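Before any comments, here is the structure.
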Amino acid sequence: MSEPLQKMEAASKLLELKHIDLSFGGVKAISNISFDVLEGEVRAIIGPNGAGKSSLLNVINGFYHPQQGEIWFDGKQRHSMKPYQIAYQGISRTFQNIALFKGMSVLDNIMTGRFTHMHKNMLWQALWKGPAEQEEIENREFVEHIIDFLEIQAIRKTPVGRLPYGLQKRVELGRALAAQPKMLLLDEPMAGMNVEEKEDMCRFILDVNDTFGTTIVLIEHDMGVVMDIADRVVVLDYGRKIGDGTPDVVRNDQTVIDAYLGVSH
Amino acid sequence: MSADFLYTIEVILNGLMAGVMYSLVALGFVLIFKASGIFNYAQGVMALFAALTLVGIQTGQVPFSHLINAIFGTNVHHFGWQVPTLLAIALTIGVMVVFAIIVERYILHHLVNQEPIILFMATIGLAYFMEGFGDIMWGSDIKTLDVGLPSGGSLWLEEYTLGWAAEGEQYYGMYLDKLDMVASLVAIVLVVSLTIFSQYTTTGRALRAVADDHQAALSVGISLRTIWVIVWSIAGFVALVAGIMWGAKSGVQFSLSLIALKALPVLMLGGFTSIPGAIIGGLIIGVGEKLFEYAIGPMIGGATENWFAYVLALMFLVFRPQGLFGEKIIERV
Amino acid sequence: MTQSSKKPTYPAPGLDTFPKLLQHNARMFTDKDAMREKEFGIWQSWTWSQVADEVERFALGLQANGVKAGDAVLIIGGNRPRTYWTMCAVQSLGAVPVPTYHDSVASEMQFVIEHSEARVIVAEDQEQVDKILDVKDQCPAVELVIYDDPRGMKGYDPELVKIQDFVTIQAQGEDVRKKNPKQFQELVSMGKGEDISIILYTSGTTGKPKGVVLTYDNTLLTGYYGGLLEGLTENEEILAYLPVAWIGDHIFSYAQSYAMGFCVNCAESSETIAADMREIGPTYYFAPPRVFESLLTNVQIRMEDAAPFKRKMFKYFMQVAKTTGIKLLEKKSVSLFDRFKYALGNVLVYAPLKDALGMGRVRLAYTAGEAIGGEIFDFYRSLGINIKQLYGQTESSVFITVQPDGEVFPDTVGTPSPGVELKIADNGEVIYRSPGAFHSYFKNPESTASTKTSEGWVHTGDAGFMTQSGHLRIIDRAKDVGAFNSGKMFAPKYIENKLKFFPHIQEAVTFGDGRDECMAFINIDLGAVGNWAERNNIAYASYQELAAHPEVNKMVGESVSQVNESLLGDEMLAHSQVSRFLILHKELDADDGELTRTKKVKRKLINERYKVLIDALYAGKTQCFIETEVAFEDGRVGKISGDISIHDAKTYNPVAQAS
Amino acid sequence: MFYRESGDFKKTYQKDSQTFPIKFDRWRYYFVMLVAFVVVPMFLTDYIANAVMIPFLVWAIAALGLNILVGYTGQLSLGTGGFMAVGAYATYKLMTAFPGMDMVSVILLSGLITAVVGALFGLPSLRIKGFYLAVATLAAQFFLVWLLNKVPWFYNYSASGQISAPQREMFGVIITGPHATPVAGYLFCLGFAVGLAWIARNLTRGRLGRSWMAIRDMDIAAEIIGVNPLTAKLSAFAVSSFFVGISGSLFFSVYLGAAEVTEAFGISVSFSVLFMIIIGGLGSIFGSFIGAAFMVLMPVLLKNVLVGAMGWPTDLAAHFEYIIVGGLILIFLIIEPHGLAQMARVLKEKLRLWPFPH
Amino acid sequence: MKFTKLATVALTTLAVSAPVVADLVFPSLSYRTGPYAAGGAPYADGYADYFTLLNERDGGIGGVLTAVPECETGYNTAKGVECYEATKGDGALAYQPLSTGITYQLIPKTMADDIPLMTQGYGRTSGANGKVFSHVFNFPANYWSGASRIINRIMEENGGTISDRNIALVYHNSGYGKEPIPTLKALATKHGFNLTLIPVDHPGQEQKSQWLQIRRERPDNIILYGWGVMNQVALKEAANIRYPMDQMFGIWWSGTENDALEGMGSHGYKAATFHNVGSDYPVYKDIQKFVVDAGLTAGDGSNVGTVLYNRGMYSAMLAAAGAANAQEIHGVKDITSGMMRDGLEALNVTNEFMAAAGMPEFGPEFSVSCSNHGGPGNVGIQQWDGNSREWKLVGGFEAPDMELINALIKADSEAYAAENNITPRDC
């Protein structure tokens, strides 16, 4: 590999995990995992149940703190940080079990996603008229574009609790997008969806990647989907990494095949 | 032994006894919370109502006499008979069971699957209702409760310990209230029998099943409605016991309903779902507040018990947010 | 022959094209909203001057990209401001806009592209662009595709065909304008009233679509005069929600908007039309009978779920409305007590109901295209909505006849519009001559000649007659009117319409031409019947299952016999009673080619495709197996099959009745 | 039924996100304001002002404050009485220490002081959740009352620990003290109530409010989208306490004119404000008002009906009052568990859909 | 909207319920519910029954009927204000709030409305300074004179000297309970005894710590300022630790039949009082005849003759005397509240007067003046006889250390005047 090329690749690494170890009271959830995510790519994490996929996502967005290892994001090493600080760094995510704010409307949920982009202090907000309203309107406009993008205009003011599952997932994606993240973590975005909803979701994910250039890391069980939309795939099993590469490489990797056959997928 | 040390022991022992008294109230809360997730604000009023009913039956009071007299211009007070204590207690239990059935049928049944705060509010409504109802039924004057409980300090203990203090120090022997000792005994019997009930009887096991998982309980064919009636009946019985113990101290009067406040820190400390928690929480609170009042109170003006109980509970909770015996809260993403 | 004496004129001298009207409006109504679209949660608005500016920049941009007078520019888009602006921009250049149905499939589109020889296409979004690219190889003439919505357009290969963003074209136009601020004005002033303003492709019940060529004089004059007649002003609000390629939308949402200066509103998405309509509260409204019908069905279904008291109240006041409302609307004398009851009903039912339907402010509503059920028609009129029928077609720029105020009947379509001459041909066909009569069929002289005589008389293809009051009454398509073996007249549409007035019947196809008896296919209304099933605890998984349910069949049977009974009254049609019927196992669908895009039945195709069933009907069978192909929304093709039961319907003997 | 929404469309985000987007609601609101500011003062008697309207407004402010904490942020608090006491005593100290200070400043400052105290006692909320959090606030309740009772400085060393509000004027109108007219006191409280409701609305509709609701609905998700739980919770405690402090301040200075901490600000106050917001509706500004109205006016109304109109003995009436209020709470909860505000919302939705049922 | 509607209804019911104006109205802000109901009910009964007696026996006061509209406060200050506002428009002549807390709310209000506020044995002690508190009448005794009288009694019992004696004050930790502290502190300095302060929080059901402390420290005397359940528990605990009951003194609010429920357990317990005990007075015969037998009692009649009933009746008698005085001074029968105030200020209760009222030696002799609304503060001592289960008067109505108390009253009232910009009256 020529030197300039190497440099280029080094520069475009958005996230790099180095030798991450994570355990809960002696139970190892993740052991010695290293991998990177390049800027602008769709990176999938796959693996059988309990392989540590969600834990890995939780490490990335700061909900868990690994006992060992380094995390580099956007060229800087990250030291122990609270999840909300990581949100400010430009990582947002969705959850495996929908974690919407049940008491709020779709619009408010997505507006909450703009939290890191709003800065007017409490006094301005108490007054409302003036800067706070201005800021609110600016962000509303942004959010409306997301609503338009996700084609959820008709449910804009519906309380999220009343929505069907598939739409809730879409709203959650909207909330994550509203933060204009550099990197978007999706935890099983298509779990529990029917074919049509899955297709929609795939389209949205690819459109996000395409339109906003957002780097995407996703966990997904549906191999077809993963192979379709991911640029590169990491395979985990029992907290260890057993494969990494393009979908084609991974698909033909014997270790991966064994692991999957082993749990009879 | 120095007198100070002996006093400290005395304070601790009395604190334990006081703690038992708190636990008696807290127990009722825990039972209902465990089985139905309801924080029963009306528990204190239930204690008052049970005690009022007991005294009323025992002394042969005419229920609603005030109302009857106001409407019909009559002047009835008492039937003129005395009911034996045990029979009166049995009858009171019967009343509490009827009460439980009514509560289930007309209130809880309509509020199944509501949020805890809503159910909490419902019990507040219930408390209001019973406060008015109890007073109308039995009148608001102070009543003496006489079920033959002993009172006064234990002389035997006092004499026995008199000589323990070092020479020349002022010491009058260890003081323990006999009523408190009886209360502790009753509490032990109550907890043991509750445990036996829940471990070794079908109904008891059903209760535990409900506490663990409503759905599971339903799927094995246990009627939630029956369970709730039973739980509220037991809670009513516990309220009666608490009412007797506290009523013996102060007479049966409105203030009895305020003992619920003393149970709150106990509950928070012990966890809402644990019967041992209620007992041990009570003991900790009792000893803690008495010791603090003894050691620190005089320096800062006294009457610290009320707030110190909460501060104590708070200190425990900061380290164990789910209470001492509460189930661990697991945060999942 | 019937004729209206008035001759239409332009709104003002010289205002003979839409671009000129636009400039006029920009001066007259500078800051009045000309166009609104709900987007990003609010009603984005453009005043007339802003619209003029948008149109100017886009027109100059198009010109910069080589569009010149006489060119056809294909427009594929929904009801969006830019779609309408594109039309005007194209017209400004003297070129001809060719709007197409944006839900048409690629192959249909290919025909239009080829036939119109369009070099430039303005498409709404990625979906439309994809369709164009699909058929690009067959349409080499296409040079430039302009898209409106940039979403997903990143990374499209520009080598195959030039693809440009709408705003980019406008920016180019802006540059042109900077260089020569007068250029647009010059272009516009070159337009004349007799120039071709638009080509609209009619889907046609058979064969390939025909491009109806209309001039400014056709559309502008009829639109303007129609508006004048009804007293429309610049303060009207209209909701544009029907296909832009359809003449109705073109007249109501474009021609009349420009001519009268009123505001056109576009919905946010197809799912939010009802909500958006409620927000806007149009004062001028058009909907085909089908829409009014489904709205009414919806109202009835929703009221079924109401509490008994409310339901009773609703029924009572609807009864009051029926007796009083229409009289009030027609300014007939009504007793004080009835007025009071109606006023009370207005507070409790009518006004809130109208408001909920978004018709709270409607001053004028039209319906056309098909016959509307008397019940349905009366329902809206009794609420105080001034709904009127009109009769027209693409070739006539809509207006042939309109019901004048005070002469509104459910079974006629009114008297001739201004400047329209009308007569009934010997074969019963309605023919007319009018200012709106089309110029020609594009590149189709044969059809033009067969439809439009040299004296300018246009054949409508509809059979009808003039009632004594001078109103036109349409029975059926002229070519569909057939005869029984007995030689008596068979008007299938007439019977079908009667059937379709039942809320649970979505569609009906009757047969009788060259036969002894009339028999029918029925499509149930999934919404109405589904709701009924839910209330009666009838489980069903699909349309097919519901259609096969005996209770449903029984219900439909009752409806059929009711129709039969009603037919008794009409001497001409008493023998057309439906003797047997069946409920189809699938819904007739435009995607399967069974309906036109405007949801008209394609009889020929159905005759072929369902021959088995027709034979079974006439063979007196009670059961029949059928398998049909269906196209799914994503383009895949599947099969639906099943046994269909056939039922006899109760018929009435005309003689017995008479005696 | 009364809603006519056709043609009521919004062309800007300001209009779309206004508090009363529907014209009918807007007019209704203007009407209520007109009644409250113009009509009511015309008919105000001492009794209506001091026994009905002023307490209603004072409690409504407290309920508003508590609703921010409990309803919007999901942090259960039973310390309202204590915080009100802080507001009241702060007012007393400010009024007596700086006799020249105008009342608005006094009351706002009292609110600020309470906000600081409230934020302090909000700290445990970072670790303790749900019903358990009540312990922290109860500790505040009992400790604050004890402290204010125990330290004579707070009540200027008066014999009984009673504090009483001296007379103060604003613009030449007497606001506090026995010579204040009912209209002055009423309008003063109304001004605060409306102003604070407006602020509450502003705070809850914007960034801060959403961060509160996010914490309430799902704290983990909230944190992951950038909400700092510490600032969100503490700001809720502070704002809530600010409101409650003002309420306590008005309670003491305008409403009662004198107070004694153990009697006026006991635990029962904390509970009754909590009842107000649950009955009224958690997370609803209107609910705070209607809940306060229920808890304040219902007993007064019942008393007037039972004792005044029907001539029952006062004790019997008082007992029936309990029974009826308790019964009504239960009935309301069974009909609509989410409070009177939700009932109003459902009613409004029904009216908007009228004649349709859904 | 809801509240305006409610307000209208409330308003209309109020209009309906307004009593006949011609009566002499003495509102009674009673509490027959809540934690202190057991104390509030007998007092209210006595208060109401006496006026009923006047109506039935004498045809009212000076021929004008009296009315006692009762309003339930539940011992709640806010409700007290509501009651005040609700009744003051009916021509109220004097208020009897029966709660120290409510008294404090009403002091400024009554002053503004020119209605006398009668607080017999409770309320604001410094209200005795008529120069500052023109409308407060807290004769014949107050918390401070009670405290002083108790100290005097202890001195008497101990041969006149109490220096180095340990005296504990067990008090209700509220405004009421804290009232005697300054006086006792001053007295402690003066007489050289040690004062221990032992507060008990409301409601006072749990006093273990306090009584363990007392048991440890063995104070020579205990002074009890309690109310409600606190009294019962305190006396019970005192008996439990076998505290010598005759060394324990209560203020009059801790000296009722309710408090000594234990019977023999409280035998010997003493309490201050400003009126006599029992029902052996002519007035009771009248009450029995005109009120009880006529079925006109306010309560169920069971309270007649109890300490609190007597106190209520005594207060009513004083109010009636004030009203009669006012009628005399102003020469009108239908007096206003302002005249009532003048009547009270000119009150001179002599033994002859008491005898004429059918209550010979029921209370101390005293007179009221413009500057002194508290009277001489004479206080008696009663003692509980566990055998007969009744209170007995064991010490006559004697003056406390008025010199010391007056100084305290002066200081406290002047501080109030300064805080509230009141210019003391000249008299």
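A, B, C, D and E are the chain letters, set down in written order, and residue numbers restart from 1 in every chain.
The definition used in the following text is that a residue touches a chain if its C-beta (ideal position, glycine included) is under 8 Å from a C-beta of that chain, and two chains touch if they have at least 3 such contacts.
Because the structure is predicted, anything quoted here is derived from the model rather than measured.
Chemist: For subunit A and subunit B, which third chains touch each of them?
Modeler: D
Chemist: Could you see whether B-D or C-D has the larger number of C-beta contact pairs?
Modeler: Looking at B-D and C-D side by side, B-D shows more C-beta contacts.
Chemist: What chain lies closest to the overall centre, CA atoms only?
Modeler: D
Chemist: Looking at CA centres, what chain is most distant from subunit E?
Modeler: Chain centre farthest from subunit E's centre: C.
Chemist: Please report how many Å separate the Cα centroid of subunit B from that of subunit E, as a whole number.
Modeler: The separation of the two C-alpha centroids amounts to 35 Å.
Chemist: Which whole number of Å gives the spacing of the CA centres of subunit C and subunit E?
Modeler: 89
Chemist: Which integer distance in Å separates the CA centroid of subunit A from that of subunit E?
Modeler: Averaging C-alpha atoms per chain gives centres 73 Å apart.
Chemist: Give me the residues of subunit D that touch two or more other chains.
Modeler: 13, 146, 220, 224, 313, 315, 318-319, 322
Chemist: Using the touch definition from the top, which residues of subunit E touch two or more other chains?
Modeler: Residues 32-33, 37, 41, 173, 201 of subunit E each touch two or more of the other chains.
Chemist: For subunit B, what residues touch not just one other chain but two or more?
Modeler: Subunit B, residues with two or more chain partners: 66, 135, 140, 301, 303, 306, 333.
Chemist: Taking the complex as given, what residues does subunit A use to touch subunit C?
Modeler: 107, 140-141, 144-145, 147-149, 151, 153-154, 156, 207, 210-211
Chemist: Which of the residues in subunit E end up touching subunit D in this complex?
Modeler: Subunit E residues touching subunit D: 1-4, 6-7, 9-11, 13-14, 16-17, 30, 32-33, 37, 41, 70-72, 74, 76-78, 81-82, 85-86, 88-89, 100-101, 104-105, 107-109, 111-113, 124-126, 173-176, 178-179, 181-182, 201-202, 408, 412, 415-416, 419-421.
Chemist: Applying the document's contact rule, which stretches of subunit E touch subunit B when the two form their complex?
Modeler: Interface residues on subunit E, with respect to subunit B: 32-35, 37-38, 41, 173, 197-201, 203-206, 208-210, 212-213, 215-216, 218, 228-229, 232-233, 236, 239-242, 258, 261, 295, 300-302.
Chemist: Name, in rising order, each residue of subunit A that touches subunit D in their complex.
Modeler: 61, 63, 82-84, 86-88, 92-93, 95, 99-104, 108, 111-116, 118, 120, 122, 125-128, 132-133, 135-137, 140-141, 175-176, 179
Chemist: Can you list the residues on subunit C that touch subunit D in the complex?
Modeler: Counting only subunit C, the residues touching subunit D are 36, 41-45, 237, 278-281, 299, 302-303, 305-307, 310, 313-314, 347-349, 351-356, 358-361.
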